[in-house]
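Structures incoming, each one as structure tokens.
First chain A sits with chain B, and in the next complex the same chain sits with chain C.
Moving on to the complex of A and B:
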């Protein structure tokens, strides 16, 4: 892993070394901050971006994608793989944690997901360490930010007059090398100069172990209480950087068509409804348990990484005002 | 397994429908026999009873179905209940049609553990598919290695019982004790009458040397398990096949997740002792 120090201007200049990549950065459009293709020339010199409404998930695992086409009802044996090369700049460390959770599902367990794999291989994810906490974020309680590399290919630290770039990616370190005034071989974030980091004044959240959370799996009362005001709209799961559940559907244009996959959500009633009318998760109580434990117990248990990034998007979007931080506290308080 | 799909585990491989037959009197169940088109794929296609495939009708979608044929047979047999978009399209298929298959997926009945044991096979409705495959396979390949087989199989009416040809064959086999039952008295029916759990309660088995396999509607499974436990059978020896809504079949789409398990990958077959650790989401 390399730590490179560059003059601010030099970093912007060095971005010209990635001609085959399209650049994506967060851009404000009305109420929302979208991940949009931009020219590397027009980037803000301070490299500060607003937090995007959706996370990096949407570029690596889009809300809808074509898997393959069929013609005369015969599936093509050629999958539709996205070959575009992208450099995503200006996301947050928590987003890179989200990517890591997606990688655990799509890449770490056989069989490998070819669609995600190709996109990930073609993507350079460069995050910027946060200078301050937003109202709703809690990454510091989860260990996923605000200065962590996580699943990013590089993270940029603000060192006042210069920037520090920590990267474990060959392409990035090779192409930035000539622009750096200092290069250091390091093992991780803890060995590098990070500039000023945001300071937390509130108590960290009580995070239990995956086993402790798992032991609450049969506590109906707990899940009942937590889900009591939820509307089941699933907005939280669509914006969640780690939610990867998808549906597979066919779309027809006469005898030709395509098979697509789209986000799906465990918060929907239809998600588990079976042909017989039987629904193994009939109420929001079971669905909330699934959403919470999948993130805080099953993913950590199976993959060694928390399924929550602390980005706070679910808190912002929830029309019922459910706050994940309060849920975390309620769960921790429940007698085990 | 997905080793059959070196390129892409989501791409169906072409199969031809070789034969179709209505399986039930009300025509809601149809059996299809499929053959893999590609010689190479056919040579490497290997499954164990209990596993399932995803059958694609391009343009309509894809659905999971338990494999009902024995691995000994040339063709892959499935029986499909008409309930929705994909299953309706499958019912319209005829001999010669080409569709797609992915799989086999999931785990299988633990045949190696059954040396010298009695088998108690319990099924209701059209979920009999994989247990028919299992029974047939045991009789073909393992009949000298297991002791006796008790088979309780129930349907609403006699006309709804699957695979009457196989049932007829097994009737003549001294190794199999068949307990066929229908929900209510029916003209001409000479078999048992009553629901599967009640019939199970009456079957005499050696609790210390019997492995049980249950596949049926969730309510039948839930009522049958206590009847077996009452007999003194260990929860480690009672297996049941769970049916969950599935999409990918390979542990990616998240849909079939219960607790730490993915039913498509870690199941669909679970011991009752394993299920107890999961929320009752089945």
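Moving on to the complex of A and C:
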């Protein structure tokens, strides 16, 4: 890992060293902040970006993608891979945590997902450490922010008159080298200068171990209470940086067709509905339990990383006003 | 309306009618009201009602089949309940309605950057928010959702208990004007407008879930045989979703705006719904959810129907759609 200090202007100048990459940054459009392709010229010098409405997962694992095309009698199953090279700048440390959780699922266990793999290889993820907490964030309770590198290729720290770039990626390190006035080989993010970080005044949330959460799996009353006002829409899971469940459909055009995959959501009726008509998760109670335990028990147990990033998108978007922080507290309070 | 009166009245209803549960709102951590299911007299001490609520509570009713349910209801919710009763989704005797006055509900999307701040209070046409140590007072009228600005039945039409108070008057008529403007557009331009709106849709179905009239146990979008549309959130399929939902709601929608407020992407659902409703109102002189026992406009037919079929009229022995 390399820690490079650059003058602010130099950092923006250095972006021209990445000609084969298209730039993506969060950009406000009406009420929404979208991750849009942009020119590296018009970037804000203070490198402050708003949190994107949808998480960064949409660029690596889009809501809908074609897996392959087929012809009747001539099945061609060559995966359709996205070869576009992207440099995503201005994400938050929590976004990078989300990508890390996706990597754990798509890349760390067999079968490896070729679609995600190719996109991840072609993407440079550059985050900016947060200078302040927003009302709905709680990354500090989960250890995923506001200054952590997580799954990013590089993170930028605001050092007032200069910026510090902690790079975990050979391409970024090599191409920024000539622009830096100070270069330091480091082992991790704890060794670097981070400038001023936001201070939290509220009490951290109680996070239990995966096993402790799992021990609550049969507590119907708990899941009943939590899910009682949930509507069962998918706005939380679609915008969640770590939700990766997908569904597969074939679309036929006469003798030809394509296989697509789209986001699925554990909040839907159809989720885990079996061909026999049986559904092991028939009501919102079981579906909420799945959503919560997947994030706080199964993913941490399997991959050693929390499945929640604390970004607060689900809180902001929930039409029923369900607040994940309150849920975390309710679950921790429940007698085990 | 005082919160104390509301609590006492709801507790009275809960006790007298021996209810299993009560649907209302309670304050969330952000100060905005969130829906809550109250199951005891003591828990009802947290019940509250003000313009920071968003959902139409009647959407939860079909979940509690066979239970005795209490509910607080402003005008739109009471009308939704009437329709649910008329459509056989709930029986009147299992339902206890506490009517509440309504000054309209805040559209949180209009708050922009203030979206995440704490809601404190609403009184006398104003509401207050807290950002850090700062208190911001804003006029309610500027932040009400479009459906509420346009509402012509703000007080409850069905109730067993009533909380006294004044409800919002003077509907703006703005939706009607917007529909008129859309009708006057050329078909091409109109399609362009709806395509632009449909582009935003991510097909999370928050609109459907927030809607008390979308109670089908199996929605047409989930059907795989036949498959009406794919799960890909592209304009064509999004339009099929949005328009079919609107057709299903024509003459059944009370324009509560629950779907529009629930939409995370701000799709203009209200103009479509209002358009369908206006058509039904003009063709059948029918307004939904005003009278118990009434048949839905598109749910009955009469042999002596004086109307003709579009495209020439089958009664004259011609082919339709010629």
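Keep this in mind: the second predicted complex is superposed on the first by the 333 of 336 C-alpha atoms of A that agree within 3 Å, B and C clash if a C-alpha of one lies under 4 Å from a C-alpha of the other, contacts with A are read in each partner's own complex, and residues count from 1 in each chain.
The rule is short, and it goes like this: a residue touches a chain if its C-beta (ideal position, glycine included) is under 8 Å from a C-beta of that chain, and two chains touch if they have at least 3 such contacts.
Computed from a prediction, not measured in an experiment: that's the story for all the values here.
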Superposition on chain A - do chain B and chain C clash or fit: fit
Partner chain in contact with A:257 - chain B first, chain C second, else both or neither: first
Partner chain(s) touched by A:249 [first = chain B, second = chain C, both, neither]: both
Contacts of A:184 with chain B and chain C, given as first, second, both or neither: neither
First (chain B), second (chain C), both or neither touched by A:269: second
In the superposition, chain B vs chain C on chain A residues touched: B
First, second, both or neither for A:22, with chain B first and chain C second: neither
First, second, both or neither for A:238, with chain B first and chain C second: second
Chain B versus chain C - smallest C-alpha distance in the overlay, whole Å: 6
Chain A positions touched by chain B in one structure and by chain C in the second: 247, 249
Partner chain A, residues of chain B touching it in the complex: 2, 5, 7-12, 14, 56-62, 81, 83-84, 87, 98, 100, 217-218, 243-245, 247-248, 250-255, 257-260, 278-279, 281-282
In the complex with chain A, residue positions of chain C that touch it: 28-30, 32-37, 54-55, 59-60, 109, 112, 115-118, 202-206, 208-210, 217-218, 222, 227, 230-234, 261-262, 264-266
Contact set on chain A toward chain C in their complex: 30-32, 53-54, 63-64, 134-136, 228-229, 231-235, 238-239, 247, 249, 251, 260, 262-263, 265, 268-270, 316-317, 319-323, 325-326
Chain B-touching residues of chain A, taken from the complex the two chains share: 67-68, 70, 73-75, 77, 79, 105-106, 109-111, 113-114, 214, 217-218, 244-250, 252, 255, 257, 259, 261, 264, 266, 271-276, 278, 280-281, 286, 289-290, 293-294, 297-298, 301-302
